[in-house]
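Going in written order, the chains are labelled A, B, C and D, and every chain counts its residues from 1.
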């Protein structure tokens, strides 16, 4: 089962992982990654009040679907679920969920990392950070590009 | 929060991950690994009926605690939970849970993989497999030793 | 052609999307960005550093040299920061 | 000294644990394994290939050459297969 959802509502990581595994006896490894909104990026910086995620409807689903297809070509996945939220979030809120299921742990771990690395650099989402006196679009990080490039 | 539990009862992966994140705003990445009992190891082999996990009470908790200390020395972890079950399990059942929480995804992913790799080779647990006509202790895999050694 | 703008490209242009008749001599993504840059102050600001503006043609990432071809939709946006 | 056995080492020895007065000349983990091997058929089977039997002294992994020292508990078991 391979699923992509782009939604403003929160998700239930546990329920999504359980849904992938339910009734199956061929899954040996289930990896769940949840990305959350943090209050502070840099020590001493002004705390984050909220994050607004803008996305490109239609393309976001399609691009993540293409990433899942690439992951399936590289690892023997039994299932994967990716959920990415949009809209306004406050510290502690869920932003993104990746669940991967495979017979063995290396495939599940690597596919989850691959999906997260590429989500960051190729899924059409943009973060706007609100702090007390500022409102800034987050700049893309070179470290994220490098994380994605390591799979090439 | 760092927790080790060795138990015969099932665990709730979702509740454990939620417990690590509850009320915090400094966690950016939460990785959950669940290892499950599979019905079949080799294609064409006799299906597994059940798995019995034997463990060394006392040492199991202590050894996993030492692994968590090593992981904390290598990655900036905010929290980690490891639960390993013992007793008889059937295909589809949970066996082991590792949850790691960190500000950033690379640390959370790597620490979870490190803990799983070392759990396999150094935590005192032994699997007995029941198939229709056989009852065998699982042999340790060279691949698992190699997976653990890559962290050295 | 339908043109979409996202994040600070959208804010600078001042539009979420628009329909535009693209002149025949504008053949690539980069040529369209250069054409848009001349349409006013907001566009000039959005495309002031064309190398940082990314594009997608019919919802697939496209390089600056990609031909517009028969694409019905093009989007311009900053490097992505989701996940 | 308290001696524990796990998995197929336990099954072959036929005991989960026992208390034993270890002779003074038995100083290391390997020497104790060799000493146990002579105690009967089950022990001989359990320790037939001493290199595959692992040990823990007071609940910490110990190499064959590790001295027993003042340890109160030693465990013998096959390579671990948890996780």
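Please note the rule applied: contacts are C-beta pairs under 8 Å (C-beta built on N, C-alpha and C of every residue); 3 or more make two chains touch, one makes a residue touch a chain.
A quick map from chain label to UniProt name: A, B = Molybdopterin synthase catalytic subunit; C, D = Molybdopterin converting factor subunit 1.
Source: prediction; values computed, not measured.
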{"item": "Each chain counted as touching chain B and chain C at once", "value": "A"}
{"item": "Chain separated most widely from chain A, comparing mean CA positions", "value": "D"}
{"item": "Distance between the centres, which are taken as Cα means, of chain D and chain A, whole angstrom", "value": "48"}
{"item": "Centroid spacing, where centroids are CA-atom means, of chain A and chain B in whole angstrom", "value": "23"}
{"item": "Residues of chain B whose C-beta touches two or more other chains", "value": "35, 116"}
{"item": "Chain pairs that touch, as defined at the top of this document", "value": "A-B, A-C, B-D"}
{"item": "Touching residues (chain side chain D, partner chain B) in the complex", "value": "4, 6-8, 10, 56, 59-61, 75, 77-83"}
{"item": "Chain B residues within the chain A interface of the complex", "value": "12-15, 17-18, 21, 23-40, 91-92, 103, 105-106, 108-109, 112-113, 116, 147"}
{"item": "Sites on chain A touched by chain C in the complex", "value": "35, 53-56, 58-59, 62-63, 84, 95-96, 116, 119-128, 137-140, 144"}
